[in-house]
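A single structure is presented below for examination.
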Amino acid sequence: MEKTTHHLNPEDLLSAANQARWELGVNFHDDIIESVYEDATRIARKTVRQKDENAAYRQDLKIDRIITSKWLGFPIMFLMLALVFWLTVAGANVPSGMLASLLIDTAHPWLKAGAAALHMPWWLDGVLIDGAYLSMAWVISVMLPPMAIFFPLFTLLEDLGYLPRVAFNMDSLFRKAGAHGKQALTLSMGFGCNAAGVIAARVIDSPRERLIAIITNNFSLCNGRWPTQILIATIFIGGLVPAAWAGLVSAGAVVGVAVLGIGFSLLVSWGLSKSVLRGEASTFSLELPPYRPPRILQTLYTSLIDRTVFVLWRAIVFAVPAGIVIWLVANVHVGGLSLAEHFIQATDPMALVFGLNGVILLAYIIAIPANEIVIPTILMLTVLSSSLGGLGAGSGVMFELDSIADTAQILQAGGWTVLTGVNLMLFSLLHNPCSTTIYTIYKETHSLKWTLVSTFLPIVLGLIVCFFTAQIWLLLT
Amino acid sequence: MNLPLSLTRFLLLNGPGYMLGYGLLAVAALFWVFWPGKGLWARLSRGHMNTQRVLLEDALKALFDFEYRRHPCELNSLAGNLNISLDKASRLVERLLQMGLISMAGQGLSLTDTGRSYALRVIRVHRIWERYLADETGVAQVDWHHEADRMEHQVSPEATDRLAAQIGNPVFDPHGDPIPSADGELPELRGKPLSQLREGDLGRIVHIEDEPKSIYEQLVVEGLYPGMPVYVTDVAENRITFATDGDECTLTHLFASHITVEMMPGKAPQRSKNALLSSLEVGESAEVAGISPNCRGQQRRRLMDLGIIPGTRIAAEVRSASGDPVGYRVMDTTIGIRKQEADLIFITRKTTSPHEHA
Amino acid sequence: MSTPNTCETCPVHHKANLQKLGLNLDNIDFVLALAGNPNTGKSTVFNNLTGLRQHTGNWPGKTVARAEGAYVYNDRRYKMVDLPGTYSLLSTSTDEEVARNFILFGQPDVTIIVADATRLERNLNLTLQILEITDRAVLCLNMMDETRRSNIEIDVRGLSKELGIPVIPASARRREGMDQLLAAVEEVASGTYVCRPHRIKSHSPKLNRAIANLASKLAVLYPDLPNAQWVALRLLEGDNSIMEAIRSGELGEIGTSVEPAQI
């Protein structure tokens, strides 16, 4: 093929470039950057005059010396994070309740009445309103408020310049686990939402360490799981001690589970970097940006749009079909029993070996779109499978109770013990990521293999941990 | 009855003590099957690799290496190189002849054009993988070769081209060997073995042979790398002593023969040894003298982009709560750098104050 | 969206000739690229001009996708592409590749470089690299309000002379300097201001020879190419996008649409 009249074609050019590169040798790239900086320095010397000491830099440094100091660094960090979580959990209660009363207590009966007026067949009404709508309503009311608080707070810390200091402080811990210091950020982000944590792993350059951060993000106890932890801890752990101590002890148990999650995160990172993702921790060069006052309104707006709505939308997309499935398994009957009851009866004995029960297993399988709907699903299934009359809202209809004592009663009627409670807390920490996160992992890694590893590794770990907890417990009691 | 139920009943009958035992056994079995690299799963899937093909490709690579270094190759040397019996080697040669990949003149074996381009493809995959492992992953230096040896038989040239594109189409592997282009171009061999240098010679290491591993490991421990200037200070009967980056190093001729050096005109390298950035205490400042060539790829570029280049003032300003990394002030910005990286950055200590800006 | 002329004549509007268009990208006259180091307030400049609310954390590598927005200034419609914040354009990381390729292949009419005035030397690294690629750029010297606290004085005119492009001191957070920036961008876009960008010459002789050799070959193949030196340098670095563009012929299209479209 003739290209040009000059007897030169593009392939010749590329080949000439290759020859030149072989002649230039290994590190000529250094020469290029050095000459750019040489000019940069020369121009800066001509045009910039440092009149006196750089006071702004000095001041930032003073703050840094406190925030990263040996004695104060970690306490400040824990206080900041604890404050964020406390604000999230406490602040979300009221709006969550309002949303729930609007979407679930008010709109749901209204929709049901409307469906009845239209003479909608009972199964269509069940699938659409009790299944799809209710699960969507649930996800919105439980997920939206904490995220709408957590993400702006987190973004404020980020804009302020605090988060890079967290990575700076935590790096050595993660380096020892073969991971990257910035994993401290994806990990804390995961406390808000694992899907967001997985996306945040983009800030890690090295593909190996980024993958480790993605796979282990699920061990951060996300917003969706905090309510489960708090409820179960209040019922089963708080119930073990005098009422005066109950609040403190159950809060301690929840924090304990979260810390255990961090432990697993580091342990699994270490395990991965010693085996499948073998390698030394790579580079860490991180700019500690100057402190700048964050712009509160802008932060509120953007973190709501960029993170909260984005994640919420993905969750809704997955929650709707799951709601339909939840309704169907409770209402499709084969041989006199619903699919759910068949499954629960078949798996119950096996699940007991792990200190769990069939209801929990089924709930975790069908409530995969969002950890938020695990508790309502468990309650519905418990009522269904132990035929507790007069409770709940009918088969396939998820519900929750205002009174913790009533919830405890249902669970105890379903055969729950303290062990079941403890193991549910453990399993809630160590199980597959929600489908939103799984999908996000796939989008970020483009790899089916790593998506499957991220999905099943925590389940296997969870079952192992639950098994040993149950057996040691039984041995001791 | 169904299996899980009867199994469960059996387990429950035995009580928690036994259960724990079974549980431990089950976990152990899980590890035994899935342990990466050594587990049953890994071994079975390795068994799938076509050992015939591996041998064939290794033979082509070896033949190419002989040709590239202008050594003649016979059946004996091939068998020795591949570490297989003469018997097996002659069968292998038979096969290669049949496939038209090599030709034979008297005792001498040589590659045909088809064989050469096949060999170059395998070498390209190998060297690009080494480069990738060195630049982008944290795989230890002594494992690069071994890992790439595995990949070269598994990865397609197309996948390798994509990988190469991702890491900037490298033309040298981390041992200093040129990487053949996708069209099979490769530059002529440069340099000669370090063992042939004389006293007073000045050269630059262009290649460190990574086989056998035992010798390579030693050379890695000595801190030698491609691009390093060497100045021969003494040649004894079985020993050669040379200065590098201010350090002195003595090797036996056997070890020195595994290093290829390109002769350089000019003066001997500076004898003064540079201090490392990691030796800078908080509050001290210095001038960057350079980055060790052992800091490669993206890592090296990132440091340079952040302003770590010869001549820049650098001051240790703040230590992280856990002691490592340390924040260094470079061009009025604090950059956190781990001790591990700070060990790869050379500095010259100066007595000027840290806060001036010229 | 119609063009409300009332706004232009409205006396209280402090940027009399600016109208933010947000995401409305129709009938664009000029394309702008917005580049800069991380933490320089680049997205604040972007948001100020387009009226959008883009948030980018202060992490390199975070925004791999690029954001776009638009504004009208003096009846001309500008599209602004916010590139990922990077320290350099010479590495293989995705964000640098996105930024580099847009400036080269996207052929923006003007590239606005946002630099932190309190850390000029470090920011000049990226600035000089961008000036190697394009000869139409404006430097927005942001965070001027902080130079006082940093005890820094910058000779803005001297800097402009050294770089060969307009240099506009600004404080984007306080919305200061945006008028001048818009005017400078207009001048460069319309060709009223002709840039004489600083080019780097101090490579080693060996590298210079290799660059000159390849650049001469490039000049034969692609006579319209405005930045053959840079393309040659990138070829030596094994830049895959450029190698692909040579194979596909895309490189030949650069520089052929000589002047920006006039209305």
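Points to keep in mind about this one:
Each chain carries a letter (A, B and C) given by its place in the written order, and its residues are counted from 1.
By our rule, contacts are C-beta pairs under 8 Å (C-beta built on N, C-alpha and C of every residue); 3 or more make two chains touch, one makes a residue touch a chain.
Given the structure is predicted, the values throughout are model-derived calculations rather than measurements.
Chain pairs B-C and A-B differ in how many C-beta pairs they share in contact, with the greater number at A-B. Each chain gets a centre from its C-alpha atoms; the one nearest the centre of all protein C-alpha atoms is A.
With centres taken as mean Cα positions, subunit B sits 37 Å from subunit A. Subunit B and subunit C have Cα centroids separated by 39 Å. Shared interface positions of subunit B, defined as residues touching 2 or more other chains, are 171, 298, 301-302, 305-307, 332-333.
Listed for subunit C are residues 88, 90, 93, 118, 121-122, 125, 150, 237-238, 243, each touching two or more other chains.
Multi-chain contact residues, meaning those touching two or more other chains, occur in subunit A at positions 21, 23, 29, 33, 37, 41, 48, 50, 53-54, 57, 164, 205, 287, 289. Against subunit C, in their complex, subunit A makes its touches with residues 4, 6, 8, 10-14, 16-17, 20-21, 23-24, 28-29, 31-33, 35-41, 43-44, 46-57, 155, 158-159, 161, 164, 182, 200, 202-205, 287, 289-290, 295, 298-299, 301-303, 305-306. Listed in rising order, the residues of subunit A touching subunit B in the complex are 15, 18-19, 21-23, 25-27, 29-30, 33-34, 37, 41, 45, 48, 50, 53-54, 57, 60-61, 64-65, 68-70, 72-74, 77, 164, 167-173, 175, 178, 181, 205-209, 273, 275-276, 278-289, 346-347, 349-350, 352-353, 460, 464, 467-468, 471-475.
Every residue of subunit C that touches subunit A in the complex is listed here, in rising order: 38-39, 47, 53-55, 57-62, 64, 88, 90, 93, 118, 120-122, 124-125, 127-129, 146, 149-156, 158-159, 162-163, 173, 198, 200, 202-204, 206-207, 210, 213-214, 217-218, 220-221, 232-233, 235-238, 243, 246-247, 249. Residues of subunit B touching subunit A in their complex: 2, 4-5, 8-9, 11-12, 15-17, 19-20, 23, 27, 30, 35-37, 136-140, 143, 171-172, 176, 178, 181, 183, 185, 187, 206, 226-227, 291, 293, 298-307, 309-312, 317-325, 327, 329, 332-338, 340-341, 355-358.
Contact residues on subunit C toward subunit B in their complex (touch as defined above): 87-88, 90-93, 118-119, 121-122, 125, 150, 237-240, 243.
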